[in-house]
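Everything below concerns the one structure shown next.
Chain IDs A, B, C and D follow the sequence of writing; residue 1 opens each chain.
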Amino acid sequence: MKPFRLASRESESQDTIVEINTPRGAVRIGEGYCTVIAGPCAVEGREEYLQVAQSLQEMGVHILRGGAFKPRTSPYSFAGLGKEGLEILAEAREITGLPVVTEVLDTRDIDLVYRYADILQVGSRNMQNFSLLQEVGRADKPVVLKRGFAATMEEWLLAAEYILASGNRQVILCERGIRTFETYTRHTVDLGAVPLLKELSHLPVIVDPSHATGYWRMVRPVAKAAVAAGADGLMVEVHQRPECALSDGQQSLTPENFAHLWDEVRKIAELEGKRY
Amino acid sequence: MKPFRLASRESESQDTIVEINTPRGAVRIGEGYCTVIAGPCAVEGREEYLQVAQSLQEMGVHILRGGAFKPRTSPYSFAGLGKEGLEILAEAREITGLPVVTEVLDTRDIDLVYRYADILQVGSRNMQNFSLLQEVGRADKPVVLKRGFAATMEEWLLAAEYILASGNRQVILCERGIRTFETYTRHTVDLGAVPLLKELSHLPVIVDPSHATGYWRMVRPVAKAAVAAGADGLMVEVHQRPECALSDGQQSLTPENFAHLWDEVRKIAELEGKRY
Amino acid sequence: MKPFRLASRESESQDTIVEINTPRGAVRIGEGYCTVIAGPCAVEGREEYLQVAQSLQEMGVHILRGGAFKPRTSPYSFAGLGKEGLEILAEAREITGLPVVTEVLDTRDIDLVYRYADILQVGSRNMQNFSLLQEVGRADKPVVLKRGFAATMEEWLLAAEYILASGNRQVILCERGIRTFETYTRHTVDLGAVPLLKELSHLPVIVDPSHATGYWRMVRPVAKAAVAAGADGLMVEVHQRPECALSDGQQSLTPENFAHLWDEVRKIAELEGKRY
Amino acid sequence: MKPFRLASRESESQDTIVEINTPRGAVRIGEGYCTVIAGPCAVEGREEYLQVAQSLQEMGVHILRGGAFKPRTSPYSFAGLGKEGLEILAEAREITGLPVVTEVLDTRDIDLVYRYADILQVGSRNMQNFSLLQEVGRADKPVVLKRGFAATMEEWLLAAEYILASGNRQVILCERGIRTFETYTRHTVDLGAVPLLKELSHLPVIVDPSHATGYWRMVRPVAKAAVAAGADGLMVEVHQRPECALSDGQQSLTPENFAHLWDEVRKIAELEGKRY
């Protein structure tokens, strides 16, 4: 028996399909689907966010992303708009009909974030914030659990186990690059994680090629590779003007580049027999 | 200017000396001192804890350690006694006159832990839990900030910066091993970090040879090496019966082995002109 | 100017296409092609090798692989058949009409290996064996240069530069997994390296999903991902009876599994507009 | 039984003491000694080398180092004086009476280097150049085997095993830093390796704090830490004018700084009961 009991294939042979109900029908994440989450790193302002959200909705994106509470390495960096950001996300959902995912950083903020988001995100730096895992495990909304920078498969699945064991079975694993000796790129994307997780676990696996590479030119090829490796979806940073982004501009795609990515990814998804 | 402004040598050329007042006088951590924190990984029971605390006090240990809230990789592992553990720590302080350090895992627990502990510890897994850093930054008690498994010097010092920028200047950096490709040991101790931090920052630097190696036979040589490299102190796991420990038994020293370590470390501290 | 002058895009904007002439026409490796190298880790015996070689030829493999001189971590492991292995490779080439690639470990063996092989391979452990690089740089046959376990992009391209600067412009870069903290898999495949190398250099880039993952179940998805990421080809371990292989059995595919892989890879190659 | 049979403690409980005979008596490396190897990274010229060699001899250094064949990441960097460098080393030995250690890069150079050197060095990049290991294993002179950048303990000891199994029992292990995610320093020194190797093997263990840190200010504290951790000696880069060095200037000590280091190291060696 694997130490991550509830997350393991042994305990549950059937693939978990996470469902989010929307006015236009259910959005699903899991085996057999290729679901795309897109949006800017952070919600930086109302106008800009609504604009990019509508572009993304028109391009067929399934879920919107955007950070209201941003974990920043330096205390002097822009840390998100907080509640105002959540309100903008809610407005974007209203207009586009798309569900939204946003990160929660602190156990004390879960109730607030829960009121606005359709999916809660636990970021890499909090992958072993066990209190936070237990609290989102008590929520009845899906959780995107990003892999820690230096987390092994086992640690990651045990982090998922905290959520599952607290009662929430709707966990989506998101590979976002690990820390290695390489210096040309911000992180090293571990696409071998995709088939490995699919073998070890029944949970959906998506890939964030933006954080995983840290460099926009690499996002499209890595996104395609992720789906070819068996990923159930992608989380991609898209910004109207990446050069003006308050965070992660270097790894953000313009809507035009995202459209190009999505065109090519869909063809691979079709080869793989995945719905999108 | 370094990005970690308040933590940098440039902003403060004088070494920070952290002071904890006790009935028997001040305990100091910083340049010129060799301060030893010791105790079991977790507070597992009243009798055992008071017994080991008294042995350690007799051997000249300066500060007691013991976890009441334990971050565990698996949700199925022993996670500490919580409030009961804090009460045992307080009783040990009463009896021995030694200050105690214990970990805080959740922003919601800070008030509780604050009431019992003399020093708050932020563990490796929470090194980039920025809400937690800000909250301990608002406390008026010293903070031991352990290095994340995969944290660079810069990220670590920026994590310290969160605490400093929130108003708390009493931060102690604790090297506890990093994650590498090596498989013989649980972590790889980075003793080069000691002189590097001493050059980059004015904050006290201690080393935890127990977590850093994960193997009790390596604890004594690594402890000696740490002090020879310039560390201002040590944090060592000591357990009456390591083979029965509920966590970290393999890396814990018996009180006898700890006495041997402390004998040898003191000689190196003397060579270095450090008080203890 | 990049330090790897001759290897850089700046010095040569046109993609290098390596050509190997065979009785049946030229085999090409480089942009626009999807070239597959396959065969067992080591040449273990005449019968077995000829058998697998013929299966592979029938399946449309372009180049045969097989080690005659094997670098083994332990001095007590099977180290290859040496000259006898080279003779078997030559016989396989005769029968199948396919070119062969094999590793050279020692500057003193280059003349011998040169007589039998169509492509010389420099393995990961020798990526910074600069004498060997210079010697294969003086040969007029293509060189597959595998990435070192812990080599950065820059070090790898500088290793290629040694070959290029010695006069040999036919260098093929082969990603084969890097060393990280992960313990579930032998190595971590770095598929982000593919688009990055394509941007930095004009040299062909192939991927070895067998060594990169160390586990046969991961080979197919990673092979597909590699081609989707833009790789110009693959190097795959195939063995008639992986469970009996003298080395690398765990990561070898049966011919049947390889056929399955090749079927799926071809579809992605077609999407990418690559000839095979 | 460990896979590194001859290198293991199990096969040989008695510590190996390597001896080099000189006109002034034997120089020993192994348990109970603190032996210092010093000199510039590369032999750059006759005058300079003889000058620094004499300074080092006067300071009590036991063995001289200096590269004649230099492994360089770039083919465009200074690669050593070759045979001329070896002749300068021989002259320095003549004058100072000290034995010399120098690196051998290529199996074809072993005879040449053997004629001049008292100790052969196999560098990090060649730690798994198995032909080279076997050839130095056939020589009757001691070998310093540096740890590969990303070599595990087991791989390192198996590399030593190649030498031992070829007949040469005089192997000295030299820790020189490993590759990690840290970017402030060139490498991360692994001093935990010292007690671990002492437990696993009977071979002498020395530390090269110059390469391990890449930064001269860290050399002294790390050298002291190495000896406190139980190392049997040090290999230190010393250059008359580090700012003019053709390689590794940033990590080289001036003779004055080296004298300071040696003063402090000796005190720790005395505490440890080591002769020097």
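Rule of thumb we're sticking to: a residue touches a chain if its C-beta (ideal position, glycine included) is under 8 Å from a C-beta of that chain, and two chains touch if they have at least 3 such contacts.
Bear in mind the structure is a predicted one, so any value in this text is a computation, not a measurement.
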Any chain that touches chain C and chain A: B, D
Per Cα centroids, the chain farthest from chain D: A
Pair sharing more residue contacts (C-beta pairs) when C-D is set against A-D: C-D
Geometric centre distance via CA averages, chain D-chain C, whole Å: 35
Rounded Å distance between chain A and chain D, as computed from the means of their C-alpha atoms: 49
Touching two or more other chains - residue numbers and ranges from chain A: 150, 154, 179-181, 183
Complex interface listing, chain C residues touching chain A: 150, 152-154, 178, 180-185, 188-192, 194-196, 199-200, 212-213, 215, 217-218, 221-222, 224-230, 264, 267-268, 271
Chain A contact footprint on chain D (complex, rising order): 150, 179-181, 183
Complex contacts: residues of chain C adjacent to chain D: 3-5, 71-76, 79, 105-109, 125-126, 128-131, 134, 148-150, 154-155, 158, 161-162, 165-166, 179
